[in-house]
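Same chain, two partners: chain A is paired with chain B first, then with chain C.
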Partner chain A sequence: MENTNREHVLSIRDLSITFKTGAGPVNAIRGVNIDLYKGETLAVVGESGSGKSVTFKAAMGILASNSIVNSGSITYTYHHNDGSPATVDLLKMKTKEIRRHINGKRIAMIFQDPMTSLDPTMPIGKQIMEGMIWHYKTPKKEAWKKAVHLLEEVGIDEPEKRMRQYPHQLSGGMRQRVVIAIALACDPDLLICDEPTTALDVTIQAKILELIKRVQAERGISVIYITHDLGVVAKVADFVNVMYAGKIVETGTIDEIFYDPRHPYTWGLLSAMPDLDTDDDRLYTIPGSPPNLLHPVTGDAFAPRNKYALNIDERLEPPMFKVSETHYAATWLLDERAPKVEMPAELRARIQRMTKEAN
Partner chain B sequence: MEERKPLLEVKGLKQYFKGSHQFTVKAVDGVDFVIYPGETYGLVGESGSGKSTIGRSVIRLHKPTAGQILFNGMDISGNMTSQQNQQLRTQMQMIFQDPMACLNPRKKVGEIIAQGLDIHHLYKNRAERQQKVAEILRKVGLAPEHADRYPHQFSGGQRQRVGIARALIMDPKLIIADECISALDVSIQAQVVNLMKDLQEETGTAYLFIAHDLSMVKYISDRIGVLHLGHLVETGTTEEIFNNPVHPYTQSLLSAIPQPDPRTERGRVAKTYDYKQAGVDYHLGKRQHLEGTHYVLATDEELARWTAKS
Partner chain C sequence: MKNYILKRVLISVFTLLVITLVLFCLLQLMPGSPFNDEKLTDDQRTVLYEKYGLDDPIPVQFVRYVANMVQGDFGVSYNISKNTPISQLIQSRLPISIQVGGMAVALGAVVGLLLGVIAALNHNTILDSICTAISVLGVSVPSYVFALGLSYVFGFRLKLFPMLYSANEAFMSSVLPSVALSMFTMASIARFTRNEMMEVLGSEFMLLAESKGVTGAPLILRHALRNAMIPIITVLAPLIVDLMTGSLVVEKIFSIPGVGSLLVTAIQSNDYNVVISLSFIYSAMYIGIMLVVDILYGIIDPRIRVTGEGGRPGFFARWRRVWFGNKKKGAKA
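And now, the complex of A and B:
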């Protein structure tokens, strides 16, 4: 893996975060490791409450004030303007420094709801220019030109006219395009998209994803998608991390996760996704609901919902078992002493059909 | 099949909203469809296509500008006597999109569910009321003890179950489910959809299922209507729509559904459909019959072009 000359951009090691709440401490992130290399696309999949957003909020330095980082590091590697590389631990930086040097300029984030991430009292042109002027001291005229160009790039027609409009005058898809333009304004090398299309219609969703993909290819930036929609993941990602109850339970390339999933939770997620070709009467569901992290988890957090759970799952937390160079899964089923368990028959049939279609 | 008497008939429904003197929003512009007892009719379309407006007009939250809505043969689009109103309010129920916003946070779940019973005096004594609430909670997959909890103590999926229980306790003939799974996670969505299907089998309730997610609509609906800009552009059984979509808007909707298959997904570019560029005027089109119950809104010339291509 190391010899392929891939350049690290972000590397999260052993991250653990606890929230202090009225009901007691909630251990939301329980030891997360994530690697991202230059120019690649990473997707983090999980149900709500699995901690996928919190992980990257930590990287942006925008965690809620009641959070405590117990351990871990988030190292981010970037290049100064003269080309010399620099590596920083984002968790050790002061908030002020992150805002000054990282947020917007190096790492930009796109949020779920474009209406709440735009300022309703400011024309959109001004919002796009704001970051450039603050970070790079770009003269106003130049910033205006660049903003118009950006709006064109994200596929908004009549950009000169739009610059003077307010967010409420735009449709949902347009607003999300503006948010993307703002994110791109300071030429970041890393774009974090937190559920970028959940609030949008399917037709607009496809267009926005195609837009982010195109921008990524043109600029050679790295992108992280945080989502619960496996259809989105299939469309855009190179690598997938499946997250459950504050831990990564399976990681691998997109083909490995979709065609050769090993963790029962991934099986469940894939089976629950409706497929237009199957005619089953019932959708597959993962029984139960995610664990409440108020209570400390012993053993495998997924065990209560897992019909393949082994005896050991209730006592010991499974380590990451290696399936291939890039594919790891945290389930005792991969231990050599475990009984041989196959993925559900319907899922197997679907994967076989998909691979047949692709050939 | 055509012999059955429809439960709900919507004829030429128009719903306009006056913005100002010069400007009127035509949210729904002449829509016809029928729902038979015990079936599920899926209404799909992008945001702003008027699908929620139709749901709200049907349940009399809006007064229709023109057109007729018949429920069980009774006209419910105009003024009604209070007796008719009462009857309608027990027989038609609604499930909303955001389960947190539609449950009163200061009331216990048991009170929320029983509110309809209280208003319509549908029980003889407290014991019967309690028993009814417990029964409905068990039906939607919750425990009777949950009646003493508040909405915030539930997860999103459980809250939506409460919303379903509240609608079901009145034993309605028609439930309008307005985007009732859009706010939920994928795995929870599947649970709720399965629950709704089970309940339909048990109680024989009809659903008007409003959603923008075609893949979920496919699972639950018997028939589908595709809505765009206030016009019903294509309608038919689920198989007809999915196997042979004729209208370019339906085709673009179908092509935009993400598939859990990276190899086909990577190369695929969704079809775009732009009303202005396509040169289609919905006002000129009329309902053209294709086969079975499959209708499409088109002029003769458009129909010839669309069917020729496929």
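And now, the complex of A and C:
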């Protein structure tokens, strides 16, 4: 799996996180492995509550206070100013250390809802400059100049005027651009986008994605998208991790996931995408709902919703089966003893149509 | 902004006029007269009525009173200290009440804010429970109980502070009454600060600020407290006036020559001019503080910056929302 030319940026191993709640402990993350390499784009896809945000909040050190990290590591590799590499385990660092050395400076995060993620009582400019002044003691004048420049970079016109405005004076799309400008303020080398377009309307979505893509290309940074929208994934990602009930169930390149999905859950997700070229006028939904992680999961967490479930799914959790060097899926269907099961015919037809269109 | 303030001032003047009229009418409804002395004959009483113009029709009296008031003449006292101009009577007492009340407000607001922030930052821990216990105690125990307790412990036993107010030791002798008076303010502010801070701390912009790397006091002061401030100020403003205008019981316990006791005596003895003047001053203070608060809202939160146009929730709407919640009347905030 390791390619010598690819440089590790983030590597999450066996991450397990529990939340203490009034009803009891909730095992939100149950052994997650994720790899991200320099300059690449990774998407983590899953339903609400599958733990995709929590995973990366752990990397940012902004987990809710009732969370416990049970095990695992999040190793992050970066370069000092002189070019020498350094590797740290973010889970072993103190919050204070993460704030001082990582947050904003090396890893920045873009949040879902730009209506709520900007401080309503602080002018835009001040919010952009805050990070630079905080981390690098940048003189105010210089910070101002850089912030104006950043606003230009994210495509906001009249940046000088906007600097003095407050969030409520801007539209949703503009605010998300500001959030991106804030994220870029200290030149991070990893950008985590938590559902960056979910709260925006469709016409703005594409523009924001293009903006992030452009910024990524210009700066050569790595980007992680956390999303439930496979449309977004298709537009931006190099690699996809499908997450279900606190576990990665399938991982692969974008082509492998979209054209050769192996996990029944991925089949379900792909089938649930709206499609204009189908004769069927109903939109497929995956039956049932995700398991309540208050209760321990035995076997495959997806089994109760899976019409292809085998007997063993009830008892034993499937390991990650290797499909190719980059493609792995956690389903017993890939075991050699398992009966041959094909993906649903409708999905197969759709994929064939898409392949034809692509060629 | 200028237009807005001008408009507000004009409305305030009108409001004060209405308040004076209502007070005037209400006082006429009180039983008895300022000259209730048994020894007075009917003739003497008539002479007194004539002397002070109390035999004129009410509208005439009202117009005359307002005309005098505009010139700064609030009339004289009939009873409490005969023929002393009200302004003189109040002048000697109001500063004392304001000093004691001001100290109480400062103490209550600062300690309340501190307790609230500490509780919110350490919520669901022992510290939070302690802060909550203090605020429940402060809200539910009347201030005179604190006054008696403080006076016994710190005045009588430990002899750290004088037990009674004296003008020579104005500061030291107003410490105990201020502390007693501040308890309710402190408790309410602590409670609201905690609730508001909890809400703000859970908001996404705090996560964004944290993911910028900002920590510690700048994070709390710059982002959290400022956003929590609006409801806190809404609660604090009327409490300020309450404290400034003195409390009868606490004034009695520490024998403070403040306006609280003056008002009660005046009402009991039908000393019309004293009652009207004091009520007028209270009202003016309320209205003035509300205006200041409305301007403060705009400074703290740009979203409610004053434009001079309608459609902006004013002090009362906000006050009701803070104490009684957003939707249902009577629901706890």
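Convention: the second predicted complex is superposed on the first by the 355 of 359 C-alpha atoms of A that agree within 3 Å, B and C clash if a C-alpha of one lies under 4 Å from a C-alpha of the other, contacts with A are read in each partner's own complex, and residues count from 1 in each chain.
Rule of thumb we're sticking to: contacts are C-beta pairs under 8 Å (C-beta built on N, C-alpha and C of every residue); 3 or more make two chains touch, one makes a residue touch a chain.
Keep in mind that this is a model prediction, so the values were computed, not measured.
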| item | value |
| --- | --- |
| Clash or fit, chain B versus chain C on superposed chain A | fit |
| Touched partner set for A:108, first chain B, second chain C, both or neither | second |
| Vertex chain A; arms to chain B and chain C (CA centroids, nearest 10 degrees) | 70 |
| First (chain B), second (chain C), both or neither touched by A:52 | neither |
| Which superposed partner A:272 touches (first chain B, second chain C, both, neither) | first |
| Residue contacts on chain A - larger count, chain B or chain C | B |
| First (chain B), second (chain C), both or neither touched by A:134 | second |
| Which superposed partner A:289 touches (first chain B, second chain C, both, neither) | first |
| First, second, both or neither for A:207, with chain B first and chain C second | first |
| Which superposed partner A:263 touches (first chain B, second chain C, both, neither) | neither |
| After superposition on chain A, the shortest CA separation from chain B to chain C (Å) | 6 |
| Overlapping contact positions on chain A, where the chain C interface meets the chain B interface | none |
| Complex contact set, residues of chain A against chain B | 47-48, 171-172, 201-207, 210, 228-235, 237, 254-255, 258, 268-270, 272-276, 281-286, 289, 354-355, 357-358 |
| Parts of chain A lying in touch with chain C, wherever the complex brings them together | 60-62, 95-96, 99-100, 102-105, 108-109, 111-113, 116-123, 130-131, 134-135, 166, 168, 179, 182, 185-186 |
| Residue ranges of chain C touching chain A (in the complex, touch as defined) | 203-205, 207-215, 218, 222-223, 226-227, 300-303 |
| Touching residues on chain B, where the partner in the complex is chain A | 46-48, 155-158, 185-191, 193-194, 197, 212-216, 218-219, 242, 252-266, 268-270, 272-273 |
